[in-house]
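One chain, chain A, appears in both complexes that follow, with chain B as partner in the first and chain C in the second.
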Partner chain A sequence: MTNTTSTSQGPALEQEGPIKKFFRATEIDTRILGMVVALILVWCIFDIWSGIIRPNEGLFGGSFLTPRNLWTLLVQTSSIAVMSTGMVLLIVLRQIDLSVGSMLSLVAVATGVLQVYQLGPSLGVGHPAIWVLGVVMCLAIGTIIGAFNGFLTAYAKIPAFIVTLGGLIAYSGVAFLLAKGETVAPMDQNFSVFGGGVERSWLGPFWSWIVAFIACAAIIYAIVNGRRQRQRFGFPLRPVWAEVFLASVGSIVMLGTTLVMNSYAWPPKLIENFAKANSIVIPAGIENKDGKAICMAAENVVRCTEGFILYTGYSLPALIAIGVCLVMTFVATRTSFGRYVYATGGNPEAAELAGINTKWLTVKVFALMGFLVGVSSIISSARLNAATNALGQTNELYVIAATVIGGTSLAGGVGTIYGAMIGALMMQSIISGMSLLNLAAAYQNMVVGGVLVLAVYLDQLYRRNVK
Partner chain B sequence: MKKTIIAMMAAGLALGAASMPVMAAGKTIAVSWKTFQEERWKTDAAAIKAVVEAAGDKYIDSDAQGSAQKQAADIEGLIAQKPDVIMVVAFDSDAILPSIKAISDAGIKSIAYDVQFEDPNALYITFDNVGVGRIIAQEVSKLKPEGNYAFIKGDKGDPNATFLFQGMMEVLKAGIDGGKIKNVCETFTDGWKPDNAQKNMEQCLTSTSNKVDAVLSENDGMASGVVAALTAQGMAGIPVGGQDGDLAAINRVAMGTQTVSVWKNSVDLGKTAAAAAIALADGTAMDKIAGVAKFNGGKNKVEMNSILLAPTPITIANIGVAIDAGHITKDQACAGVKAGTVEACK
Partner chain C sequence: MAKTPAKKTTAAKKISKPVAPETHETPVAVTGSQTFKQTRAQPEGIPLIEMKEISIAFGGIKAVDHASINLFPGEVVGLLGHNGAGKSTLIKVLSGAYKRDAGSIHVEGKEVTINNPRDAKGHGIETIYQTLALADNVDAAANLYLGRELKTKMGTLDDVAMEAECRKVMHRLNPNFRRFKEPVMKLSGGQRQSVAIARAIHFNARILIMDEPTAALGPQETAQVGELIKQLKAEGIGIFLISHDLHDVFDLADRLVVMKNGKVVGTASTKDVDHDEVLGMIIAGKCPPGAIPGPGAMRN
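Right, the complex of A and B next:
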C-alpha cells in the first residue's frame, strides 16, 4: 500500500507502519471499513439533526440512535438485504436480475390469494397448515421463476439483461391479473409473524442472547476452521493475534447489536394487554409519561420508569436477514458452488476450460436469487399484512444499488455478501433518517442516487490507487 | 411527431372508411385509460360500456399502462378512429394537454374523467375530491376533536393529493388555529405505495414517541400500511381515515382499525360520464347537460364545465350500503369480525 491509499481512506489510516501491518495481518478490506465509518457518520448526523428538530432520547439527543429506531431500521432493511445477497452472486457471475421487484409482487400476490381466498375459507381462518403452505409456496414459486430466468439466460443464450427486463414487465402483469388489482388482506395470522409487526415475532431478550451466543460460537468456529484449512493446504496463516482480534470484533458487534435490540421495550399498550391476558399483577408506581414500563397508579394503568416491562429482542425478519447473510457468506466463500461462481465471474472461458459447467451454474445462481426473492416476499407481505401488486415495485433498483454500494463490481468476479448487507443498511438509513426529518421522498431519492454514484466513484479511485 | 400523426391518421382513415357502414348507425364513445393496474378502472369501464351500448352506440378504449407517452400515442390512435367523444383519464395532467388540443382540433369533444386536466374545451367529471378530503377529516375529527394528527399524503405529482389535503385542512383549520389539533407529521408518499406509507408512519411514530392520536391517509392502500405500523405499536384502533372503498379497507372498518373509507362508487361515475358523453355526441351544449356547473379549483384556475359527484363515507354504521350495492360481499366485509359487534355483519 502506498501513501496515497492511506490518505484516501481517511483518519483510520493516518499513520504508517503498524497500521499497514495490521490491515495486512487481519486481511480486513479497507473499503468495507470506510463504508462502516461512513455509515456510523450518517447515523450520528441524523441523530444530531433530528435532535435539533425534536429532542428525544438518542445517543446525541435525537430520534435516530435510539434502540427503537435501530430496531425498526433492521426490520425495514431486511427485505432488500436478503435479496441483495443473491444479487451479489449474480453480478459476480456477470449476470443481473432486473425482475426481482416484479417477481416479489408476483410471489406475494400469488401467496396472498392462496391464503386469503383459497385456504382461509376451505381450511378455516388461522389453520396452521396455511402458513406452512404459504411459506413453501413463496419459496417454490420464487425458485421456479428464478430458474426459468436462468434457463433462458444460460441455455437459450438470451442476455440476462433482456430476459429479466422482460420479466420486470411481464411478472407485474401476472401479479395484477392474479389479484385483479385488488389489495389482498389480511394475511394469515401465523404467516404475519414473519413481518415483525406482532408480538409473536419478537424473540425476547432470553432467546436473543441464545441466538447471539450461537452466532458468536459460529464466528469463532469459522475462524478456527478456516485456519485449520489453510494449514492443511499450506496457505499463509494470519498471526494468532489477528485471528483473536477478528473473532472478538465479530463477537462484540453481534453482542452489541443484541444489547441494542434487547433494550427496545414493547409498546406500553401491548405490555398492558400481555399483562392482562396472562393475569400478571402490575406493580404500583409513580406516573412518568416518558417511561417505558407500566405501573398501577390509583386503579389506572400508567407509564412509569420502574414497573412491569417487556423487551422485544430480535424480530423475526431481522433474524432471517442476519441468518441469510451468514449462510450466504458461507456459501460464497466456503463451498465449491460459491468458489465456482467467483471463478466463472473472474474469467468465464478459463472456468469453462477448467471443467466448470457454467450453464448449469448460471441456472443455479438464478434459482438461488429466486429463492431469496421468495424469502423477501414472505417478509414484505407479512410486514404489510397485505399483498398488492404495488408491493416490491422498483425494489430491483434498491437491490442492485445496495449490491453496488457494497462494493460488488459490475465487471464481475468481485463482491462480498456482507458488503451488500452494509450497502442495504446504508441506503435504508438514509431513507429512514430523512423521513424522520420529515423530508419529502424526492429528496430521499436524490440523496440515495447521489450516494450510489459517489460510492462507485470512490471504489474506482481506490482500485486505481491500489494498482 | 407530426409525421407520425399524419401517418397514423391516414392509417386510421383507411380503417375508418372500411368500417364506416357499421358505425353509421350510432355514435362512438372512446376512452383513453391511464392504467388498468388498479382494479377500480375496470369497474368504471364496465359501467361506461354498459350505458353506451344500451344506447345503441359503440364503445372503444385503450390502456396507457401508466405511461404519459403511451397515452399520447393512444389518443392519436383513437382520434384516427373518428369517435364523437373521447374521455380521457389522464396519467399526467400537464403532459396530456397537447393531446387534448389535438382532440379539439379534430372536432371531437373531450371529457376529463376523474383526473383533471385544465383545458376549457373539456367537460370535467369527477367525484368532489376536495369533498372527499373534507369527509375524511370530518369523520375522524368527530371521534378526535383534539390531539396530534398525522397526514399521510399521496404522490406529489398527482393533483388529487393536493385537493384531498385542501379539503382536510378546510375542516381542521379551526381546530389547528385554536391549538386543539396539532399537525405532527405530514409526508407525501412516493407512488401512493402502501409499503412506503408504512415506513413513513413508522418513522412518524418514532419521531413523536407514539404521540399520535389520529391519522388521515389519502387513500385506503396507504391506510393498510398505516394500520400495520400502528398495530406493531399496539395502537391499532385510533382513528384512521382513508378513501377508495377498497375491499380490505371496508373489512378494516368492520374490524374497527379504520374509521372511515370514503367510497367513490365508480359505477355511478361511469354511468354519469357515459350519459354526458352520449348527450355531447348528440350535440347537446356542454353547459346544458344536467348537473354541470363551473369549476376553477385547479392548479392554474382555468374555468371548466364540470360535474362533481358526492362520495359516500363508509363507517362502521353503514357498511351495509356497500354490501347492498354489490360492491363487496358480506363474507369479505365481515371476515374476522367478532360476532355481534357490527350491525351489518349480523
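Right, the complex of A and C next:
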C-alpha cells in the first residue's frame, strides 16, 4: 500500500517544474495573480490605445499610465471599493444587498440636509462641529439602515434579495422626499476634505513617504512574525527566498504606488493660488507649450519639473479605501467574527450546530455593510460637494460586479477582500480608460457588463481545472 | 462543483455492496470479532448513559414509545431498525435536538436534564451527524475549533496554536493526515470523517453518537472509520452507532438494540445472534433466544 502511493507520488514531485515549485513555496494565490496580470494588461492596452489617438506622457505614450490618471483612478475607485469589502462578507454569508446605492443616496441626502439647512445656519458656516456631526450621522444612519435590512432578513426570514430590492426602491424614494428633489449643496468646507478634491485632503510627498515606509515595515514585520510563530510550533516553513521575495514584492508595490502618487502635481491654478496666499514668487521656468505641461511659472505654462511645483501625494479618499481594505482583511481573517461569516457561508447548518448564532451574525454583517455605505456616502458627497437622490444610483450593481469580478462566489463561503478591491479597480479602470478613448457611455456599459460575465466564466474554468 | 463528489459516492456504494459479504470474512472482520470476545463480558457497574422509558410523540404518532437503552464505557452499541423505527428520534433526544415527553436520562447514574444540544455537550455527549456538519470552505483546524476558537492576548484568532492542537489530535486519529492547510471540501470522505470525529472528541466527549458514519464512504474509508471507532473504544469512550448496515454493526458493535414502531424489540450481544436473527428482529419484531426481549417484541 505505502509502496504504491510513494511510487505514484514520487515522479509527480520530481516532475514539478520550477514554476509550480515557485507558487507552492510562496503560497501565492494564482487566481489573484491572474487578476493582477489582467489588470496590468488592461492598463497597458488603454495607455497604448489612447497614445495612438492622442500622444501624451504615459508609460507607453498614452494618457492612461500617467500619475494624473492613476491618481484620479484611485480616488474614483475608493467609494465602490469601500462598499465592495462589505459586500464580500455579505455574499460569503450567502446574502446580498441590492440597496447599497439607494442607501448611499439616502445617507448622503440626510446628512446634506442636516449640514446645509440645519447646522450651517444655526452654528455658523464652517463650524468644526458640522463636519464631525456630519461624519457621525453618515456612519450612524448607514449602520441603522443596514441593521434593519439584516433584521428583516434574519429574524423575519424574508429573503435578502427581496428585502434589499424593496430597499433599493424605497430608500431612493425617501432620499427624494428629504431633498425635495433638489441638489443639496454645498457641503461644509471641512466635510468636503473627505472627497479628495481640495488641497487639504492631500497628504503631500513627505507624509506619503512616511506612510509608505510604515507600510513596508508592517509587511516585513508580519512576515517575520508569522515565520517565528510557525517555528515555535515546529510547522513546515516557507523557504527563506520565498519569504524575501514576498516581502520585497509587497514593499516594491507600496513604494511604487507612493512614487506615482507623489509625481502628480497640483493643478496649475491651485499652485498659483497657493503661491499668492503664501506670497511665494513663482520663478520663471522655461516656456514650453507642447500641450503636455500642467504647471505654471509666473504667467507661463511650463513643464512641471521647472518653476514652482507642489505634489499631492495620497489623497484622503484613497487612504480611507486602503485603510478600510486593511481593517476588513483583518476582520475577515483574524477575528472569530470573520471566521464565523466564512464558516456559516460554507455550511450554515454546521455553524448553527457549532453554537454560532447565525441570525445575529447576519444582522451584524448587514449592519457592517450599512456602516461602510456610510463611509462611501461621506466620500461620494464630499467629492461631488453636493448630495442628490441620484448620487448612489446603480452603485449597487458596480459594487456587486466588483465583488464578483474579485472572485467572490455567489454560492457563498468563498471570497477575499483584496480580490474585491482589485475587482473594483479593474472596473473603474475600464470605465475611465474608455472615457479617455472618447467612447460613449453606452459602450462603457456594454464592456463592463461583458467583463463581468467573462470574469465569472474564467473563474469557473479556473476552479474546474484546479480541482 | 457539487456534482463530482456525488458521483463518486454513488460509484463507491455500487462497488461496496457486492463486495461487502466477502469483506466480512476478511482479516479485518476476524480481528473485529476477537476484540468482541475480549471486551464483551456482560457489562457491569454503572452505565455511562441510561435512557429510561423515553417517550416522544409528534402529533398523534408515537415516534418513541417507552424505550430504554444503556451504554457502558468503552462499549459500542449499534442501534438498528427500519426507517421510521424511531432510532434517530431516540438518539436525538439524547443529543438534545428533541425534547422528550416522558422518561429520564442518567449520566453515570445521575439524572440529568437535556433540553438542547448545549446541555448534551455539557455532559460530554457529542454527535457526529450523517451530513458531517463541517464547514467545507475552511481548513481542518478551523473546523475543529469552530465556535470555540483559541484567541491570542490581543483577542485575535490564534491560528498557529489551533493548527498545533489540530496536528496533535489528528495525529492520534489519523497519523497519515497531512493536509492541514486545505479546506476540508478537498479532503476524502474518510479524512472528513476523521475531522468530524476529532471535533467531537477533542472537547472531552465521553459519549459519542454516530449517525450512519459510513453511509457516504467507500470500502477503504469505511475500514478507516472502523479503525477509528476501535481506537476510541480503547480510550473508554462509549459510542452509539446508528446504522442501516448490518455488516457494519456486526463488525464494530459489542451489543445491538433493535427498534420497531418506536419500541425496543430486543437487546443482544453481537456474539449471541446472527445476521438472519437480527433481520428477523428488524423486519418481524421476532426476538431470538440469544436476545433480551423488549416491549416491542412480537408475542408468541
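Criterion: the second predicted complex is superposed on the first by the 418 of 467 C-alpha atoms of A that agree within 3 Å, B and C clash if a C-alpha of one lies under 4 Å from a C-alpha of the other, contacts with A are read in each partner's own complex, and residues count from 1 in each chain.
Heads up, the rule we're going with is that a contact is a pair of C-beta atoms (placed from the backbone, for glycine too) under 8 Å apart; a residue touches a chain by one contact, two chains touch by 3 or more.
What you see is a predicted model, and the numbers here were worked out from it, not measured in a lab.
In this overlay on chain A, chain B fits alongside chain C without clashing. Contacts of A:A440 after superposition: chain B is touched, whereas chain C is not reached. Of the two partners chain B and chain C, more residues of chain A are touched by B. By the touch criterion defined above, A:L425 lies against neither chain B nor chain C after alignment on the C-alpha atoms of chain A. When the two complexes are overlaid on their common chain A, residue A:R339 makes contact with chain C while staying clear of chain B.
Of the two partner chains, chain C is the only one touched by A:Q229; chain B is not. Within the superposed three-chain model, A:F176 lies in touch with chain B and out of touch with chain C [touch as defined at top]. Draw one line from the C-alpha centre of chain A to that of chain B and another to that of chain C; the angle between them is 120°, to the nearest 10.
Contact with neither chain B nor chain C is seen for A:M261 once the two complexes are overlaid on the shared chain. The superposed three-chain arrangement places the nearest Cα atoms of chain B and chain C 39 Å from each other.
On chain A, the patch touched by chain B and the patch touched by chain C do not overlap at any residue. Remark: chain B residues 36-40, 42, 156, 185-196, 198-200, 202-203, 206-210, 220-221, 224-225, 227-229, 231-235, 246-249, 251, 331, 335-336 touch chain A in the complex.
Of all the residues in chain A, the ones that touch chain B in their complex are 50, 54, 56, 63, 66, 68-69, 72, 76, 120-121, 125, 172, 176, 180-186, 195-198, 266-270, 273, 290, 380, 383-386, 388-391, 393-394, 431-432, 435-436, 438, 440-442, 445.
Residue ranges on chain C touching chain A, taken from their complex, read 1, 4, 117-118, 129, 131-138, 142-143, 146-149, 151, 155-157, 160-161, 163-164, 167, 183, 185. The touching residues of chain A, counted against chain C in their complex, run 229-230, 232-233, 235, 330, 333-336, 339-340, 342-347, 349-351, 353-356, 411, 413-414, 463, 467.
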